[in-house]
Every structure is written in structure tokens, then in C-alpha cells.
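Heads up, the next two complexes both have chain A, just with different partners, chain B and then chain C.
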Partner chain A sequence: MSYVSFEFLAFCVAILFVYYIFSAFGKYGRKAQKYVLLVASLAFYTWSKLYPGLKDGFTSDIVSGIFKSLSGILITAIVSFLAGVLIGGVWKREAKKLEACDDKEKQKTIKKKSKRLARLWLVLALLVAVGLLAVCKYNEFAVENINVILDKLGKGQLEAPDILLPMGISFYTFMAISYVLDIFWKRYDYEKNVFAYVSYITYFPHVVQGPIDRYNKFSAQMKDGVKFSYKNITFGAQLALWGFFEKLVVADRIGIFVNNIYGNIEEYKGIIIVLATVLYSVQIYADFAGCIDIVRGISEMFGITLEKNFNHPYFAKTMPEFWRRWHMSLMEWFKDYIYYPVSTSKLVRSVKKHTKKNRLKRFGELFATCFPALIVWMVTGIWHGAAWNFVAWGMFHACLIILGNIFERPLAALTKKLKINVESFSWKLWQMTRTFVLCCIGRVFFKAGTVKEAFFIFRQMFAKVELYRLLPAYLFTYGLNVYAFTVMLVSIFILWAVDMVEEKYPLRETLSRQNLVFRWLLIYACLAAILIFGVFGPEFNASAFIYEQF
Partner chain B sequence: MEELRNLLNEKYPGIDFDTEKELVDNGVLDSVEIVSLISDIEDTFDITVTMEYIQPKYFQSVESMWEMIEELQ
Partner chain C sequence: MSKIKNLAKAVVFLILLAVLIHAIDSIFTNTDFRIYQTMTAFYDEPDDKLDGVYIGSSTTYAFWQPNTAWDHYGITVIPLSIPDMPAASLKYMIKEGRKTQPDALYIINLNSFRSAVPDTNHFHFMTDFMKFSLNKIDMVNDLGKRSDIEWYDRLEFLFPVIRFHSNWSNLYKDAVTPEPDLLKGGVHYSTYLSYVKDVTGMYNYSEETSEIDAEKADILEGLLSYCEEDDVNVLFILAPQADLNDESHAELNAIAKVTEERGFPTLNLVNKIDEIGLDTTLDFYNGKHTNIHGSLKFTKYLCEYLTENYDFEDKRGREEYSDWDEASEKYRGMIDEYVLDFELTDPVRDYTLGAPWITTTVLGNDIALGWTASYGADGYLLYRKSKPVEGGDSTAWELVDSFGYETLEYRDEGLKSGTKYTYTVVPVKTVDEVVNYGKFNHVGITAEIKAEG
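Up next is the complex of A and B:
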């Protein structure tokens, strides 16, 4: 069931109704709300199999289809839950034993034994979760690359097994890993109620495209249930409405233009490819941020605040700042579960120690900064897709971050020497433009199907200028006529203006203080814009989200 | 705690550690700086900062960093 469909809206209304009926039954009713969400999430997850069964009666094919859809996510959920129970149990027993023991040597032995056992459960859980992700998502990629080697050796080819890719596997696997690692690192207590935990993993607003929420924050909101709140409903509905605008009016209209150029890339050269690439950067932002606003809005209506995923990324002045503003929940995940563990690993520590002794401190510091960044970006690339172009995209960003680190001090010294006012608007504008351009270059790897294709696009981009393609006689023939092109530009301007205001003021709170007529006028205007200017496909359905494939 | 305060003032002369109580949440310290700080804290206080302690709440202020150091000592 797509987030941008009438059936999803009807589904949400029905679930909200049942959810808040439970809240009317006091404390026990509210405690049961998590079960409503669990059932709703499982129904959402299996909708394409469940719906024919609801209409025409369940057959064995439909039942097995539901079972197949659910098996991947439930295995990851239950294994990570059990790992939490086992690791949490080890820590509890350790605490009891330590309390009863005064001998420091014995305490050390207790800690060592406990850690060894907890690590065993952790490794087993990670093997299952990461193994499932690897098998389901990367089997074709692995077989494809093995076949290249076999081909060079003159050996026979392997055939990739036909494995169903569970919806949202990259997102829910990361949530499960974060939970198990947090318990292993004693960051919070483990969950004892399997249904509460499974309702977190399968929660329908975040299971398809994130945000990648953390269990402790999620469960704290769910623990005692949620009372009906008019503010939650209105604020949530407004946020979701804005998300629909971003997706249907901005992203999908730009998509027509971009796909027209990128779909026939060999026919174009120069400026028009540059324009399509710039627009693609706006499209992917509006598409992903739109989806996140829709699901955060829906979730807010259920009284659950999901992690923030975007903070106006195209206003970033440096690449590290961009990555603190773009897909924030994923980058936070990488920081907590890959960057810090690698940065404090034995390897990095020993290199730092060794270089310090040999008066190569700066090299040691650089290694400690760059090596973890390289690992993080390699994983980020491969997480986005099982293809070399995503790895190249990750490496491109790793290079930018590493070069930024190496040249940070000399560049700061140079700007000081040149007496550049780094606080001036013009300097900040230059920094923002530079960051955006670098992002656009990376997007070419992201959009291209292969690395070869990405380099072909770069060649086409710089082969000729072909400025004439910007003339009206040409410009309005790439899928958007003059009317549609104008709508696209106006919608991009609205998106930019809203981001600009939000950068300085809490827009939602400010709007909520305006008088009723003004607020309703804005809501109707947004709704009308979606219905009139939104891009709908057959049967009034929108195109798929770009990040859905990850 | 004075030793820690001196270390921080020397490393980050532009930051007022007496008033700043949300160093991580306010973006004063980023992940690269936290890693570098961990290394300096380990050298100065002869401790090993384990993963349990590498989370925002232990790096928000001088007091929270000192709390971590005391626990690890």
C-alpha cells in the first residue's frame, strides 16, 4: 500500500478511529493501543496479499503469500528481541554477582565472563539480521560480480537465487541492530514484552523508508498509551498535507523533466543535462522529505513523534554540515554504530599511539579521522543500493569529507590571510552554492544505473554547451509544457521559501497562533494545489518514492 | 575536575565551558571533535572510554564528562 494513495488515507482514518476508541477505556485501554498498532502494521505490511483475501475469502495461496511477506521482518524482529532478553539477562546477573562480591580480581573475572557471553548473543543476532539483509538485498550483486571473475577464468556462470526482497529491509534491520547494540552497551534496559518490541520494528509509518528510530525514544512514547489530543491531530494532518505537496506537486513534476532527459541521455549534451541534474537534486529532496513529512505527520496523529530526518540540507555551508542535515536518522545511526566503534577500535588506537611516539602526531590524527570516514561512506554507499555506482557515490563523499579534513586548517589560514569576511552574506552564499554543486556531482552517480553510465553522463555534460536548449522553443518540449514548467518553478520557489522561513522561525507554532480563517485558507490552498497541480498517474495514484527501493 | 577544565580550555579556547551545558545538542562538539577529545581524555586520565560511554549525555558539559571519568576510574 503506497503512502500516497487513497487506500492508505482510508486505512489511517480507520486505524486512528479504533486507536482512540481504546484510549477512551482508561489506563488499560491505552496500554492496549500498542496492540492496535501492531495489528495495523502487520496488515499494512501484508496489504497486497491480505486485501484479495478480505474481498474474496482466504485461499491457501493468499495465506502462504502473507506468511512469506511477513517471515523476513518477523525473523529479524524476534531474533533481535531474544538477543535483547539474553544480553539484558547477562547484565542483570552480572550486576547481582558484582554486588555480592568484594574481591576486585573476582569482579574482573565476573565482568570478563559476562562480556564474553553477552558478545556471543550479540554476534549471533547480528549474523542473523545482517545475514538476512545480505542474502535478500545483495545476492544478485554478489553473483553478478562472481560471474565476472568466473568469466575471466573461463569457468561456468552461477545463477542468482530468486529471493523476495522484504519491504523496508534496510530500515528495519538497522533499527533491530541499534536495539541489540544499545542493550549490549548498557544504554537502556531490554524490552520484556515481545509484542511491544515487534510493534516498534513493524510500525507502519517508519517501516518503508524510515526514519530509523531508536527503541528507547519510541517505547517511552508508547509505554502508557496516548490520550486523544486535538493538537496532535491538527499538527500531524498539516505536516502530512505539506508532505503530499512536496511529493505530488514538487517532486513528481520535476521527475517528468528529469526522466525525459536522463532517459534519453545520449541525445543531449551540455547545459540541459546540468539543468536536469540540478533539478534531480531538488526532486530527490522533495520526494524523500515529502515522504518523511507524510509519515511523521501520520505518526504525530497517533501521538508518536518520529525522528527528524531533514533540516533544510541545501542551506548547508560544508559537506559535513550537509550530512548533519540530510537523512539525519541514517547518518546518526552510522555515527553511533560504525563511526564511533571504528574510531575507538584497537587498530585506530594503536596507529595513534604509534604515530605519537614517532612524532607523526598529525598523521595519526588524520588516520583516526579519515579511516572511520572511509568505512562509514563505503557502507553508506552499499546500503543505498547493491550496485557499484552507489559505492562510487559513497567514495566520492568520503573523498570530500577527507579532503575537507586535510585542508581545513590551511584553508582557514588562507581565508584569514586574504582577509575574507567569513561572516558576510556573500561568503555564506558561495559556501552554500559550492556545497550544492558538489552534491549535484554526487547525484550523477546516484541517478546513473552504472559507474560507466555516470562517466558517460559527465562526458555528455561537458562535450558541448548547447545553450539554445534553454530557449522556449526547446525547453518546453522535455515533458513539461510552458504551463507545467511554470508550475514546477513556482512550486520549487514555495518549497525554498518555506525552508527559508523554517530555518529562522518555528513555522508550525507560528502558524498555529494565527487566526482560524487564515489557517483554514492556507490548508485549503495547500489541498487545492495538491489536487490541481499534483502529478497523478492512472487511477489517481502517484509514482513510487525514490527511497522506497532502498 | 580542574584538570579536565584546563584540558578543554586549552583544546577549545573559543568555547565557554562554564556556561555551555549542551555541547553536543547545540552542535558545539561534533563527532570528529568528540573522537579527538576521547583520545585526549584517555591520555590525560589514563582510562579507556568504552562504547557504553560514547553517547551525547556524557559529552554535554564539563560536569557530565567528569562524571564519566570518575565512573571509568
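Up next is the complex of A and C:
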């Protein structure tokens, strides 16, 4: 069930209705709301099989199909839940033993033993979760690359097993890992109710494309259930509405132009590819941010605030800042579960230690920041897709971050020497433009199917200028006529303006303080814009979300 | 208190939202305004004012001329018809009609059983101009289920904006909503008015019956049960289409047989074209439909049947029906360049008098005409109409002169330059002082007097 469908809207309305009926039954009713969400999420997750069953009756094929599609996510959920129970149990027993023991040596032994046991459960859980992700998502990629080597060695070829990729596996696996690691690091207590935990992993607003939520924040909101709140409903609906605007009016219209150029890339050269790439950067933002706003809005209607995923990334002045604003829940995840553990690992510590007292001190510092970044970006690349172009994209960003680190001081000195006013608007604009352009270059790897194709696109981009393609006689023939192109530009402007205002003021709160007529007019205008200019319906075949494939 | 206030706000918000969606919907609804005119003609009629509602596919409006029926018999029967209206929607259309005309006669075109369910385009034709109601929702659901369309994909038939909103950049070109033509469902599209197709070769006379397709049988049963339960005054008609193959003809015959056996009055007219007076060489514009000449004959035939078998009063001259007089006058003005004056009266026809073959020769500002003799004719009527070469309206057909049987030529003199003249010749025979009109070329022969200089 797509988030951009009438089916999904009707589904949400029905679940909201049941959800808040429960809240009317007092404390116990509200405690049961998590079960409503669990059933709803499982139904959502298996909808493509469940719906034919509900309509025409459940055959054995349909039932087995439902179980098959649930197996991946349930294995990860239950294994991580059990790991939480086991690790949490170890920490509880450890605490009791430590309390009963005064001998420091014995305490050390208790701690060591507990940690060893907890680590065992942790490793086993990670093996299952990461193993499933690897097998489901990367088996074809691995077999493909092994076959290249086998081919060079003159050996026979392997065949990739036909494994169904569970929906949202990259997202729910990361959520499960974060939970187990948090329990292992004693950040919060483990969950004792398996249903509460599974309802977190399978929660339908975040299971397909995130955001990657943390269990402690999620469960705190669900613990005592949610009372009906007019504000939750209206704020949530408004956010979702804006999400639909971003997706259907902005992203999907740009998509028509971009797909037209990128779909026939060999026919084009120069400026038009540059334009398509720039627009693609806007498209992917509006698409992904739109989806996140839809699901955050829907979730808000259920009284659950999901992690923020975007903070106007194209206003970032440096690459690291960009990544603090883009896909924030993923980047936070990498920071917490990869960057910090690597940067505090024995290897990094020992390099730092050995370079501290001699001239290599700067190298040690750089290694301590660059090595974890390299690892993070390798994983980020491969997380986005089982293909070398994603790895290349990750490496491109790793290079930018590392070079940024290396040249940070010399560049700062240079700007000082050149007496550049780094606080001026023009300098900030330059920085934003530079970051955006670098980002666009990276997008070519992201959009291309292969590394080879990415370099081909670069070649086409710089082979000729072909400025004439921007003339009306040409420009309006790439899928968007003059009117559609104008609507695209206006919608991008609206997106930019809203981001601009939000950058300075809390827009939603400010709007909520305005007069009712003004607020309603804005909502109706947004609805009318979606109804009229949205790329949806049978004439369009609304396109899938770009980030759904991850 | 705040809960009540919030609830009230939500209700007002949703009502305004519905108004907004409806407004956008009406702007983006599909642009086949022929259907709009037909549907509007029905909806505009005051409650309980119609003698009959004629429901069915294009076979309905291309055969039945409401204005001719009014002119000659003073009866009020409006077509509630949509191109390719499928069988499954007949029941819902009757229900729609009975909302305002509960006691009217419902004439149901069984030709709709040529298809059980509509394709997407015709589904829109069915629903785009139908008023929003529970009956419409029921129809969309029933047709959707029968066509295996999921409920969420059926929404486009309730809210056409879902399909047509992509047309926003063309809105400025198209008239948003036209004015109702006030013609009581009388149609005037060009093929119907000016095309002639000889369908003699394809016309299929048959009394054969066959098994009815299961889906259609189910639809038929639902329709008949509804008519019985709600005591609908109904008349089933199978109109004479030329393009029925053996299979579909046999199935339609079987369906007509079922309606008859269930006790409903049924007219199977496929094999009765001679009785109706339809000429397969001249009275159709394609295999499915009569042209205006054929439809005038069909209308008169059906009017005879209706006035004989139903208690329909002649309402001509009543003040409350002056709108019918206006519609009829307007319609006559629209078709007078396509039909000859006697066609609009109640002429006696003699189809043994073949249509003369006409030739024209332009001689300066004169046109010399010649025509072949029509065996048995005792005279000829020469008709003419004209139109500027550069474009503009045509004049009505006018009688130039009448001739005896021995005259087979005429020189039309002193004609205007830069004008196209069209002629047709009607053979006549007077029997007992009554003029019998023979066949004639419905389109006529055109000659052009070139512009001077």
C-alpha cells in the first residue's frame, strides 16, 4: 500500500477511528492502543496479500504468502527483543551481584563475566539482524561480484538465490540494532512486552522509509496510550498535507523532466544535463522530505512524534553541516552506532597515542576523525543500495569530508589572509552554492545505475554546452510544456520560501496563532493545488517514492 | 464546550472542503458536452412532467427525436441516454429517473445489453454528469465490482478531478461549462445530421435466439426484479441496428424474449424496419445509428405505438408546456438545412420511387441541373440550399419548383458568385389526391459559383 494512495488514506482514517475509540475506555483502553497499532502495522505490512484474502477469502496460498512476507521482519524483531531481554537480564543480575559484593576484585570479575555474556547475546543478535539484511539485500550483488572473479579465474558461475527483499529491511534492521546496542550500552532499560516492542519495529508510518526512530523515545510516547487531541489531529493532518504537496506537486512534476533527460541521456549533452541534475537534487529532497512529512503527520495524528529527518539541508554551508540536516535519523544512527564506536576503538586510540608526542600529532588527529568517517561513508553508500555506484557515492562524500578536514586550517588561514568577511551574506551564499553543487555532483552517482554510467553522464555533461536547449523551443519539449514548467518553478519557489521561513521561525506554531480564516484559506489553497497540480491519478501513474528502494 | 466547538469547526471545515472539491470537480469534468446536454435536459425537467423517459445507449438519442414527438403528438418523452450505456447501469438510470418522474413510462433500450459493463471512458460518460447521490455511489460500486475495479480506483468516477486534473493547462481553451441548449435531449451532432451510409449489406434480419451470457443474465434478472418490485411502468425496445452479427442478434432476441415472457411489454424492432419505414440505403449514418432522416421515421412509428397503447394526453397548446414549443422551434431551426419540409410533417412515403441521380453543370452564374427519371413518379420536387464559399451558415432547404414527370432538367439562373449551391430532387406520385414522397438523395449534389475576379 503506497503512502500516496486513497487506500492508505482510508486505512489511516479507519485505524485512527478504532485507535481513539480505545482511548475512550480510560486507562486500560489506552494501554490497549499499542495492540491496535500492532495489528494495523501487521495488516499494512502484509496488505498486498491480506487484501485479496479479505476480499475473496483466505486460501492456503494467501495465508502462506502473509506468513512469508512477515517472516523477515518478525525474525529481526523477535531476535532483537530476546537479545534485549537477555542482555537486560545480564545487566540486572550484574547489578544485584555488585550490590551484594564489596570486594573490588570480585566486582571486576563480575563485570567482566557479565560483559562477556552480554556481548555474546549482542553478537548473536547482530549476526541474525545484519545477516538477514546482508542475505536479503546484498546476495545478488555479492554473487555478481564473485562471478566476475570466478570468470577471471576461468571457473563456473554461481547463481543468486531468489530471495524476496522484505519491505523496509534497511530501516527496521537499523532500528532493531539501535535497540540492542542501547540496551548493551545501558542507555535505557529493556522492554518486557514483546507486543509493545514489535509494534515499534513494525509501526506502519516508519517501517517503509523511516525515520529511524529510537525505542526509548517511541515507547515513552506509547507507554500510557494517547488521549484524543484536536491539536494532534489538525497539526498532523497539516503536516501530512504539506508532505503530499512536496511529493505530488513538486517532486513528481520535476521527476517527469528529470526522467525524460536521464532516460535518454545519450541524446543530450551539456547544460540540459546540468539542469536535470540540479532539478534531480530538488526532486529527491521534495520526494523524501515529502514522504517523511506525510508519515510524521500521520503519526502525529496517532499522538506519536517521529524523529525529524530534514532540517532544510540545502541551506547548509558545508558538507558536514549538510549531513547534519539531511536524512538526520540515519546520520544520527551512524554517528551513534558506527562513528563513535570506531573513533573510540582500540585502533584509533592507539594511533592517536602513538602520534601524540611527535610531529605526527596532526596526522593522529586527522586519522581519528577521517578513519571513522571513511567507515561511516562506506557503510552509508552500501546501505543505500547493493551496487558500486552507491559505494562510489559514499566514497565521494567521504573524500569531501576528509579533504574538508585536511584543508580546514589552511583554508581558514587563507580566508583570513585574503580578508574575506566570513559573516557576510555573499560569503554564506557562496558556501551554500558550493555545498549544493558538490551535492549535485554526488547525485549523479546516486541517479546512475552503475559507476560506468555515472562517468558517462559526466562525459556527456562536459562534452558540449548546447545552450540552445534552454530556448523555449527546446526546453518545453522534455516532458513539461510551458505551463507545466511554470508550475514546477512556482512550486519549487514555494518549497524554498517555506523552508526559508522555517529556518528562521517555527512556522507551524506561527501559523496556528493566525486567524482561522487565514489558516483555512492556506489549507484549502494547498489542497486545491494538490488536487489540480498534483501528479497523481490514472493519467499519471503516480511514481514510487525514491527512498522506498532502500 | 471546547470539544463541541472543535467538532463544529471540523464539520464546517469538511462541508467547505466538499464544496471546494465539488467546484474543482465540475471544472475538470470531461468535456463531452453532448452528454452534458442530454443529462441536463433531463435534470432540468420539473417533477412529474414527463410522459416517458427513454433510457439506453446512443441507440436511444440517435433514434428518438423528442421534439418531433412533441410536434406531432404533444407527448413529452426525454432520452436519458449515454453513448454505449451498458446493461448494468440501466437499473440505476431508471432509479435516477424515478426520483423526479416516478409515474413516467420507462422505455428501456435493450440494445444496451450489447455490453454488460463499460470501459473506463464510457464509465466516465455514465457518471461525470450524473448528480451525486447514493444511487450514483451504488451504480459506481456495482459497475466497478463487475469490472473488477478496486474501490479506490472507483473514486475517479465519483470525483472526476482525479482523472481529469492533468488537463489543467488546457482549461483556458475549453469552455468551462456550456449553457444548456434547452433542446429536451434533441441531438444535433454533424454525423447524425449530415452523414448517410448504405447499411443494406450488413443488415441482419433474424428471429434466432441463443443462450444469454451469465453476466448479462444476472444483470437482466436484477433489472426485471427491480421493475417488478417497484412496479415500474416499463416498455422494452430493441432498436433496429444494422451492425448486429448473428451472435449478438440472437442474444438480444433471447433477452427480448425473456422480458416479454416475464410480462413486460416488449417491442423487438430489428426485423421491422419496413414497417417503420426505414430505408437501409439512406436512413443510417453508420451501422449502429439512424441519421436524422431515419430517426424522424422511427420517432413517428414509436409515437403511434405509444399513443395507441398508453394514455398520453396531447399537451400542445398548454401554457405550462411552452418550453416544449420553444425547444421544438429551436430544434427545427437547427435542422432545416438537413431535412426537407415535408419530412417534418406526416408525409405518406412510397419507397418504390427510387432516388433520382442528379448532375450539375456550372455555366457562369447559372447551374444547369439534370436528373434521372424515377420509375413510377408523376412529378419531381427540386430543393436547394446555399452557403458562401468562404464559410458561414447554410440556408434551409427550400423548394425551388415542382415539375411534371416529363421534365428532367432545370437551369437555375442568376445565382450569387462565391456561393455553393446544393440540390436534391424528390420524386412524387399523387394517389387519391395524396402526395406520396419517394426516395431522395439526403445529402444532395453541390456545385460552386466561383467568386468574381
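FYI, the second predicted complex is superposed on the first by the 543 of 550 C-alpha atoms of A that agree within 3 Å, B and C clash if a C-alpha of one lies under 4 Å from a C-alpha of the other, contacts with A are read in each partner's own complex, and residues count from 1 in each chain.
Keep in mind that, in the parts below, contacts are C-beta pairs under 8 Å (C-beta built on N, C-alpha and C of every residue); 3 or more make two chains touch, one makes a residue touch a chain.
What you are looking at is a predicted structure, and each value in this text was computed from that prediction instead of being measured.
Q: Using the overlay on chain A, decide if chain B and chain C clash or can fit next to each other.
A: When both complexes are placed onto chain A, chain B and chain C end up side by side without any clash.
Q: Applying the touch criterion given at the start, work out whether A:K97 contacts chain B, chain C, both or neither, answering first, second, both or neither.
A: In the superposition, A:K97 touches no partner, neither chain B nor chain C.
Q: More chain A residues touched by chain B or by chain C?
A: C
Q: Going by the contact rule set out at the top, does A:N481 touch chain B (first), chain C (second), both, or neither?
A: It touches chain C, and chain B stays clear.
Q: By the touch definition at the top of the document, which applies to A:K115: first (chain B), second (chain C), both, or neither?
A: After superposition on chain A, A:K115 lies in contact with neither partner.
Q: If you stack the two complexes on chain A, which partner ends up touching A:A10: first (chain B), second (chain C), both, or neither?
A: second
Q: Looking at the overlay, what does A:K317 touch: chain B (first), chain C (second), both, or neither?
A: So A:K317 meets neither chain B nor chain C here.
Q: In the superposed arrangement, which partner chain does A:A528 touch: chain B (first), chain C (second), both, or neither?
A: Touch status of A:A528: second partner only.
Q: With the superposition applied, I'd like the minimum CA-CA separation between chain B and chain C in Å.
A: When the complexes share the chain A frame, the smallest chain B-chain C C-alpha distance is 36 Å.
Q: Please name which positions on chain A make contact with chain C in the complex.
A: That would be residues 5-7, 10, 230, 481, 483-484, 516, 520, 524, 527-528, 531-540 of chain A.
Q: Can you list the residues on chain B that touch chain A in the complex?
A: Those residues of chain B that touch chain A are 27, 30-32, 34-36, 38-39, 49-52, 54-55.
Q: Sort out for me which residues of chain A touch chain B in the complex.
A: Residues 185-187, 320, 324, 335-336, 339-341, 343-344, 352, 365, 368-369, 372, 405 of chain A touch chain B in their complex.
Q: Across the complex, what residues on chain C touch chain A?
A: Those in contact with chain A are residues 2-3, 6, 9, 13, 16-17, 20-21, 24, 28, 120, 150, 152-153, 155-156, 161-166, 168-169.
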